[in-house]
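Chain IDs A, B, C and D follow the sequence of writing; residue 1 opens each chain.
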Amino acid sequence: MTTAPEITPQEQARLDELYAAFDAAHMMPLWTQIGGLMPTSPRPDSVPFLWRWSTLLPLAEKAGELVPVGRGGERRAIALANPGLPGTPYATPTLWAAIQYLGPREEAPAHRHTQTAFRFVVEGEGVWTNVEGDPVAMRRGDLLLTPGMHFHEHHNTTDHPMAWIDGLDIPLVRTIDAGFFEFGPDVLATKETPAASRNERLWGHPGLTPVGAPTPKASPLMAYRWEHTDAALTAQLELEREGHPGVVEPGHAVVRFTNPATAGDCLSTMRCEMHRLRSGTSTAPTRTAGSSVWQVFEGSGVVTVGDERYEVGRGDLFCVPSWAGLAFDADTGLDAFCYSDAPVLEALGLARTAREDHS
Amino acid sequence: MTTAPEITPQEQARLDELYAAFDAAHMMPLWTQIGGLMPTSPRPDSVPFLWRWSTLLPLAEKAGELVPVGRGGERRAIALANPGLPGTPYATPTLWAAIQYLGPREEAPAHRHTQTAFRFVVEGEGVWTNVEGDPVAMRRGDLLLTPGMHFHEHHNTTDHPMAWIDGLDIPLVRTIDAGFFEFGPDVLATKETPAASRNERLWGHPGLTPVGAPTPKASPLMAYRWEHTDAALTAQLELEREGHPGVVEPGHAVVRFTNPATAGDCLSTMRCEMHRLRSGTSTAPTRTAGSSVWQVFEGSGVVTVGDERYEVGRGDLFCVPSWAGLAFDADTGLDAFCYSDAPVLEALGLARTAREDHS
Amino acid sequence: MTTAPEITPQEQARLDELYAAFDAAHMMPLWTQIGGLMPTSPRPDSVPFLWRWSTLLPLAEKAGELVPVGRGGERRAIALANPGLPGTPYATPTLWAAIQYLGPREEAPAHRHTQTAFRFVVEGEGVWTNVEGDPVAMRRGDLLLTPGMHFHEHHNTTDHPMAWIDGLDIPLVRTIDAGFFEFGPDVLATKETPAASRNERLWGHPGLTPVGAPTPKASPLMAYRWEHTDAALTAQLELEREGHPGVVEPGHAVVRFTNPATAGDCLSTMRCEMHRLRSGTSTAPTRTAGSSVWQVFEGSGVVTVGDERYEVGRGDLFCVPSWAGLAFDADTGLDAFCYSDAPVLEALGLARTAREDHS
Amino acid sequence: MTTAPEITPQEQARLDELYAAFDAAHMMPLWTQIGGLMPTSPRPDSVPFLWRWSTLLPLAEKAGELVPVGRGGERRAIALANPGLPGTPYATPTLWAAIQYLGPREEAPAHRHTQTAFRFVVEGEGVWTNVEGDPVAMRRGDLLLTPGMHFHEHHNTTDHPMAWIDGLDIPLVRTIDAGFFEFGPDVLATKETPAASRNERLWGHPGLTPVGAPTPKASPLMAYRWEHTDAALTAQLELEREGHPGVVEPGHAVVRFTNPATAGDCLSTMRCEMHRLRSGTSTAPTRTAGSSVWQVFEGSGVVTVGDERYEVGRGDLFCVPSWAGLAFDADTGLDAFCYSDAPVLEALGLARTAREDHS
């Protein structure tokens, strides 16, 4: 299909004419670009990248001084922008990651949207997020969900600021043009600050379904508390030590946050997991179709993403483009939160993983 | 189709001849028996019945003195036999209910079968049931599962006896001739007595799925502890008091025991639930297609089943035939465990419920 | 648990007393009957049995002379009664099989019930069954469905009688007490006699779903025509001859009748299939948990069911109890229709099959 | 959050400094761009556009003269490039549409890829596409599938050229970086030219599942023949005329091409449908989240897409961006093939449709 090398000037002229006609007709031939469109394996534009918490947090604090939160801008959230996707505030082609910052006594007003969101708290406490009017405490280690089209608003009940990360599927929803957005009331639905939200009280009991509660389409459990996550990871590593199954590979425990009403992923477009590496653990390099974002929650170590190698510690965030190799060396032990677009690839029959042998 | 009243002797003779020919050919006409076969609503043979714990337990104790546990008989279990199903040890046409009794230091040997089983503990502790070699403590208020084809054995680690109830789908499996049974080793797989079983340590965290654990077909969580059940019921009634949804009807909290890997019923053929009635609660009479067995766990009250009315207290068991009305009056509050064949009727498209208005 | 052989008279007296007390309390010990309740493999009460068409049809004809069709008796259907289930009109513990007979110009009045039904036509034509008012022609080789709670009525539009077989889940629904029944209008909903029913015109196109049609819970396609069944079986054997996959074993083609809106079984409680054996084919003996009923549609051969061996020909019906071996020897080729309770066992996690090697 | 209008020069300087620091740290604030990222309803970059068959076909013919088909370029396919997505060969953000052209006796070599594909034939015949070695005839009105990772190759068995349209999910798979591609053998797997492919012979019978055939993940039926599609559409309009349900709105019949092994969409990422408008029909304007591509198969009419209005006839193609209104006026009747990314939006919980009243 590539034209032969010994092409005559007349042939070239006719070809030029053809390509100009394609152009005029808004047509583009496959044969000149198939390698870029259909590579033998994924060739993402996005690149591996590391954002240090020690950079993010001071800039968020400075934004706290200079930029008010309010209707219109809606949130004091600053996105992690992948250098391989210039001009976009996207961590990966499907995932949004941002640091959000709320000053003492500040409020972020209610809205809802088809984009799915969560918050993960690496440090601090004192903010409640009201999800459909149900006040949800935010504390270190907690994962808090905001499924699509759930009204949500945040308010800081303390005299100190608080920062956390927001994960959303904004890039994916933008690409497929499926975003709808609505403002909510300007006044907080509630200023209550209970230790446990109503959804936790109904759905936060292992293996127990409340028969009288309506089963919503999205996860009815909207808070996953560190206390449970920590206990689950601890148990996996203990079981490994006792000689029983549980870990995904030696020294590597993983829990997935799931919807107790379906047992599937906690969110329809994003998979959320917490990983714990026992000190001295090196993980097998793994490639996965689809992208992910990671935040170190505790401990430190070295992570290899594609050809990049990062020394990482608490709060540091990095992204993993599709099919980039990923491996950890955790000399002193490491907890890391991770989210990815795996539910999208699985739903579309496009999931693929390759685990390499340790070298 | 019913033959006309003014039938001649000749006609009758020819009919008699036809019916005799049917008989000889192993044929039976529909028209003479359609009312029994296809009633306008269920007409169960089984009847409402109450078995008092004060009767069951002493007889089980006496069996403990006289009848050894061992290979062949397998279990010292005494079934509740519905008077409407004479000659069978069935509580209902689909459900088996028995009191099982294990003396001090006794063991019940390992076996497995396609019949699905659970144990529910109304009082006592000290027995561990090893399910596929995983030791599971049995304590008051706990529900312990033994899904089909899981090897299981019980051993009493104390100097006092213990009794509990067994629920199985023996009648259903017998009717459809789907029972397979195998003996296991004669020696206990383990004498360990951990407070928590391995399956609980992996799967007993709310909304958290262990990624490294294999997902079995049956529930991977085999113990539902009273502490969680009680907390969930308490929360539902508190939420009701605070003006929020949660209960199934005023004063009536219900949790269903579910498989955390599927969010469906904890067992494929039996639904297990715990009900709590606030003191002073009267429930709306309800009819359900399919049958159930109930055990009062705590408190007392009056229960109406069809035309029967029972004053019930701790440990008392009763069965509810298909489509019999069921209602509770719980002057002083009542907790009741219940299991039913609802997953069967739902799987086959035959589930039906009618809730009557309070009178 | 089995009492020791050298039991003293005193011990025996105490045991007798215990068993009498059990009896009085409506309790039955497991240990005296576990072998019958929980056999190592299914021990059905039902037995293999053969009903010859040459016996069934004349008796149905005689019933046609003597017994009118009408409200009350509802249908001139005569059930095949398994000799192992005395006193019941059941072919197997879950399946009803009957020959139904409608004389010239006769009508069978409308009713509906939760029991699921189908008709299979081994010979004849001229009757239309109106299902929810949609007239469905019945012709040799056709399978016609009546899902649960669909009103149905039959009328013979010709001057000759017609007989066919009815399959229902009456025994299963009776056992679990889930039967509801309602009479319909006494006058036919329609006397139209179209060649194709409306449901076929909407849903009877391969791989094509009508977007504007409501998707009912039960199969929306209620007629499976012989022309398609025959073509599908023919294709499988041709593909085998050409060296391609398609048959279930050498010389043995099978099509399953499925719900085009779900791709699952055409009925929720019964699996329907048509088998074709090339002449000279012997099938591998197979045991299946659950029971089935077969009717030879065309050809002849020898069928082995458990220890029985039948020479069978057109119209002959036989039943296969659970776990009985089943094998065919079809010297001259054989088409056989079959229905079973396989969807029930699959839904409950109880399905099991063992295929033996040819000997 | 938007900074107040009366900002001082010092404040502006500090803001500029903050934004520069964001830039340096690869961070981007949400508040300056939320309107573009999260609009109140979809604001696609892609625009409505019409490509006339009378333009496409001559250019494809000219490419047939000048550009050989062969390894490397793989296919003589020319994509429809949406003017709103400059520089890309994408019809919409998720969908690829191309005209493919194969000269007399030409071959397009085997390859496979994770991208899902289909062909739809608006005119001509004589090409066979071998899908995993199974030769599939291509004829006017047929839809032919190539699910992901199925090897496929095309060859023209005649002395006249043939053109058709290819639909793929190339843009979607490119965005989520999930594309894998492999070359197949250079020599045709088969030169057989059967009228029906093996997959049709196994799976192309309404409501009949071949029990012996393996059930693949993707649709096992890879050809949907015009004869069936036409019959189904004809039946819907006839049923409407007879007063029965079937059409989606007055005069508007639709069939969806579905996977007979799952009853879901025929492809995991693309929905394919054929629409037929009775002459004189005007459809209700409809907005749908997600995008689609349409080709007029027969007849003519006026179609309104957003603010555009096209007079369309046989072979003309147009695209419908997300949430653009779509309506047809078919004075003389119209058949149109359509494909969309609806399965993607449905799988992710993002589907939304609004049907306006006729004005």
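One rule holds in what follows: a contact is a pair of C-beta atoms (placed from the backbone, for glycine too) under 8 Å apart; a residue touches a chain by one contact, two chains touch by 3 or more.
Since we're looking at a predicted model, the values are computed, not measured.
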Chain whose average C-alpha position is farthest from chain C's own: A
Cα-centroid distance, chain A relative to chain C, in whole angstrom: 52
Chain centre separation (chain B, chain C; CA means) in Å: 30
Separation of chain A from chain B, taking each centre as the mean of its C-alpha atoms, in whole Å: 43
Per-residue multi-chain contacts in chain D, two or more chains: none
Chain-level touch network, classified as line, ring, star, complete or other: ring
Complex interface listing, chain D residues touching chain C: 198, 201-214, 219, 221, 224, 228-229, 231-232, 235-236, 238-239, 244-249, 252-263, 266, 273
Touching residues (chain side chain A, partner chain D) in the complex: 1-4, 11, 14-15, 18, 21-22, 25-34, 37-44, 46, 49, 51, 55-56, 59, 62-63, 66-83, 88-89, 93-94, 98-99, 113-115, 148, 170, 172-182, 217-218, 268-269, 289-291, 321-323, 341, 343-345, 347-350, 352
